[in-house]
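What follows is a pair of complexes built around chain A, which joins chain B in one and chain C in the other.
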Partner chain A sequence: MLTRSELLPKNVYLLAVGLLVATAVVPVVGLSNLIIDVMLDLFLFAFVSLGWNLLAGFTGQINLGPALYFGIGAYSAGVLFQTYRITPWAAFVVGPAIAAGLALITGYPTFKLKGDYYALATLVISQIVLLSFLAWDYVGAAYGLSYDIIPFSWYWFQFNTNHLAYYYIGLVMVLGALGLTWRIRNSEFGLRLMAIRDDEEGAKSIGINTLRYKLVISMISAGVIAMGGILYAQYTLYLDPNSTMSLTITADIALPALLGGVGTILGPLLGAAIIQPLEWLLRFTIGSNLQLAIRGAIFMMIVLFIPRGIMQTVVDKYIRPKMVKK
Partner chain B sequence: MAIEPTALIQSILAGVFVGAIYSLVSAGLTLIWGTMRIVNFAHGALMMLGMYMAYWTWYFLGLDPLLSALVIFPTFFALGYAIDKFLLRRIIQASSVAQLLITFGLTLFIQNVVLYFWRSDIRLVTTSYSSLYWHAGGLVFDAPHVIAFFAAILCGIGLHLFLTRSSIGLAIRATAQDREAAQTVGIETKRIFGMTFGLGTALAAVAGAIITSYYPVNPDSGNQFLFLAFVVVVLGSLGNYLGALVGGLIIGVVQSTTGYVYLAQAELPLAFVVFLAILIFMPEGLFGKRLRR
Partner chain C sequence: MSFSVEHVTKRYGGVTAVDDVSFQIGKGEFVGLIGPNGSGKTTLLDGLGGYIRKDAGRVALGGHDLSKAPPYELAKRGVGRTFQVPRVFDNMTVVENLYCVPAARSSEPKEKRVEDTMEMVRLASVAHEIAKNLSGGQKKLLELARVVMLNPTIVLMDEPFSGVDPAMLESLLGLMREMNKEGRTFLIVEHNIAVITKNCGRVICLDEGKVIADGSPGDIRNDPRVIEAYLGT
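On to the complex of A and B.
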């Protein structure tokens, strides 16, 4: 069988490098603040969707509560800064650690559940944490946390006078998540995970401890999503449970991967590159309610027409037939 | 805080009254889940639509929600049948996650369209008995809750008779027990799926309609019922409508007594913890798979 690199013409790599250089250089030349903010959202949700895809893609487990980890990350930054006046960069240690810990504790019982039961259990767990945060004074309960605004400071991770700094942090994070996905995919660890996804009993029979593998990847996935929450907190500068942990955020996280292709490396990025600009456009033209209604319709259409996402559908329709001809 | 017997009984009663509504909503959900194997995320949104229909028929025609329920039932049966025919029938063989995602998308769609047209204003139906209540033995019975409770009981009995006496009801239960075997003996399972989704949707919508005399209508009204229905369905054993009817009462009472004895904010998290515990420690629920096997 041909490997993917043999299938794709060299031009594709040139195109990718070109796009990357363009995203890195063009903002310096000058882009409107609006476009920088749209790109920032694109990077953020591509990043968390890549994180979600680590678990969903490599193990086939659909977690419907990733907003929980997103919120944990956001709140870890918010509490460190607002309550203790510690640099929010420290949240990159604290947030992912708490998120990974929660993934371990909740994964241990829930990974025994099959398909939709697992999805429902993760959904309900995120709801429990959401409701607890709504009542928890330490994190500001339902009022949430408002940041003290600092114009521009690397130490305090706030760049209100120039969003370009957020932009580049977002870009670096996306590249990091892509690299991580690629590394795992080409490692023995990744191969074993995919073996579990494709045939769990078979994987068990050759001595793979399937539960341990799922726990490890779910902890990595949770940690990545938490880091996305930190970036969100640092540029939104206001947190409350409903805006960081609700089902809307879960949809934000899962939709790019579902659209682009669960289990592919570039799928979540492609999905976010389609969804985020589209949703910004819709929000400005027809308002956020109809935008969310259209998002619902997109969900349904993905399942009906491209259940395996854009990347896989393109591979099946256009690239695989070429292989047969050869 | 001292616990007074009459106040405790009062809160248990409140739990029974609201629990009967949970029962009805959950019976619809468990029929769909057990028969079609589809986790219907849109159940709460469809219930909310039922509440709006009751509200608008009251608003424009002055119809009492109990009467409009008679119209809402066939309307939502048809709506559910159409949703199955145009949406779910195509993915009945797909993975359970795909099915969950499609009903999740449907929920987002319905809720936000409703939000767009009718905003998040809270609407309440006022009927001739809205502020009526009775005293008995130190307890207070307010008419909207009592009337909705008896309406729910009637619906529950009707559902039981339908599923045990009518040929369609029997076919639904047969399909739930064993899809292939049902097909072999000549049951058109595709049509049965449509009937099941129609029936489940109609039950949710009617349950929504009969509580509009005391429960405010807004685009989020169905959410709490949806989550609690998940709890009830798993507690009462998946696919077992009798289990759902009993489970609804149990969850209603547990919820209201938690609110009284401990803390109102703890009601919902506690129900969710119960849900997780059941999923993990007794996935068969309280009543086993009596209906399925």
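On to the complex of A and C.
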């Protein structure tokens, strides 16, 4: 019987999930706070990159303003806690809802633009929102929002005396995002998104309302990225527009997927597993300033040598030919 | 279910690419659309398929007005379309190319439809191959297979036989005839006049955006306007 093809043998996915589950056990043995923080960054940026990948990878719509949704998630948690004294857990409803709403409103006109013009439009929109936040007193303007520190509280979503709680929340979020990506990739909805990516006119010719599909997946993508922003806010306990909505954050969100493999299930996780430890290593060896240059170099190497990312390159060169022979 | 085209017109600036074109195609007809380069064949097909906005005219299928319907709506209503350069989904496998077709017009299970269609178009041996690795002819077969999945009432085809070797041409034609026997209507833009006259029951000839002849292949071959504009001596 014919079945839907899969990019990788199932064992590879099981191995990846097994490794992630193993990371849940490792801290019990004892890990330094530094390793926990590195792993948390890995989980956080794998998570948001998985979110970005849903739109960019599966639908081919390169959004250059994902930091906008990241910032909205972060600010929704910050404002709820700092201004209204409402538990930041509520931001998991408010943040993604606002982000998805914004994705819908901005997506409707911008998805009618083709290729690079869409990417440019998203970049412009994110910069407009960034500038608005810099001048908006309600959210602390350029000074940002500083949290009142609580040592350890599940209700207030602050775990300053023990970062392990953030670690586990991050891990659960990554597993959730992987599950969502898996579900979409292996659904007819996901196949139609990929059809739009490969040939939008062709997709229309078989009855796919491409605008509707793009809007739906962009709302899901925005919601996921906003959730990442919430974890970031609760972990750093300080927010300002430049640290949550800048182009640097956009690069942090997009690079793992680009390196690991855009449009693949495990690519963003693999990319984050390479980039985040490397960034921490560089931070301690050559300092923060050169980090940006290194990030740029990674980006250039991806474009030059593995434009489809590690995972897709491996699949195309080694795995797919074997699957076809079978 | 007849397909009617009434007074369709499309202008680009000062050029009238399609000029007041009208015809009607009955259920199960196999119609060829011919004409010299620049005569407006592809523009007409794009207009009928909802890819370009018509300046005037009406298109209807079974009496339902589809003049302003976008391509995805037309596909759902039973108007299938293939392109001169096949628009397959390059980075998806053959089987995925079929799975992604919405099953709005069929109650059969998707798996069975995909399986049957793969058998029908004889692409089962490359089911898990990435579409971009297929030959040009196989891509045309795959595109037609997607149309089969749509369960269309009428199929609009733009130069289905261009760049196709004789064996593949026979495969494509065989598939089209099979679909035609099931009662599906075909409107085919094609330059291969031998294939058109041999296989189509009716031929429409366009020149400078206008219908200059409409009749049986024999009539068209002997029509002086067609000979002058397209066939030559």
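The definition used in the following text is that the second predicted complex is superposed on the first by the 300 of 326 C-alpha atoms of A that agree within 3 Å, B and C clash if a C-alpha of one lies under 4 Å from a C-alpha of the other, contacts with A are read in each partner's own complex, and residues count from 1 in each chain.
To be clear about the criterion, a contact is a pair of C-beta atoms (placed from the backbone, for glycine too) under 8 Å apart; a residue touches a chain by one contact, two chains touch by 3 or more.
Because the structure is predicted, anything quoted here is derived from the model rather than measured.
K.L.:
Quick check for you: in the superposed arrangement, does A:S32 touch first (chain B), second (chain C), both or neither?
P.N.:
neither
K.L.:
According to the stated criteria, A:T285 is in contact with first (chain B), second (chain C), both, or neither; which is it?
P.N.:
A:T285 sits against neither chain B nor chain C.
K.L.:
Per the contact definition in the header, classify A:L131: touching chain B only (first), chain C only (second), both, or neither.
P.N.:
A:L131 contacts chain B only, not chain C.
K.L.:
So, A:K112: does it touch chain B (first), chain C (second), both, or neither?
P.N.:
The first partner, chain B, only.
K.L.:
So which one touches more of the residues on chain A, chain B or chain C?
P.N.:
Of chain B and chain C, B contacts more residues of chain A.
K.L.:
Classify the contacts of A:E201 with the two partner chains as first (chain B alone), second (chain C alone), both, or neither.
P.N.:
In the superposed model, A:E201 contacts chain C only, not chain B.
K.L.:
Across the two complexes, what residues of chain A are contacted by chain B and by chain C?
P.N.:
Common to the two interfaces on chain A: nothing.
K.L.:
Touching residues of chain C toward chain A in the complex: what are they?
P.N.:
Residue list for chain C touching chain A: 49, 51, 70-72, 75-76, 80-83, 87-93, 95-97, 99-102, 104, 110-111, 114-115, 118, 124, 126-130, 143, 146-147, 149-150.
K.L.:
Considering only the defined contacts, which chain A positions touch chain C in the complex?
P.N.:
1-5, 188, 191-192, 194-195, 197-199, 201-210, 263, 316, 320, 323-324, 326
K.L.:
Could you pull out which chain B residues touch chain A in their complex?
P.N.:
Contacts found on chain B: 39, 87, 90-91, 94-102, 104-113, 115-116, 227, 230, 265, 268-269, 272-273, 275-276, 279-280, 283.
K.L.:
Tell me, which parts of chain A touch chain B in their complex?
P.N.:
My answer: residues 62, 64, 109-110, 112-113, 115-117, 119-121, 124-125, 127-128, 131-132, 134-135, 251, 258, 287, 289-293, 295-300, 302-304, 307.
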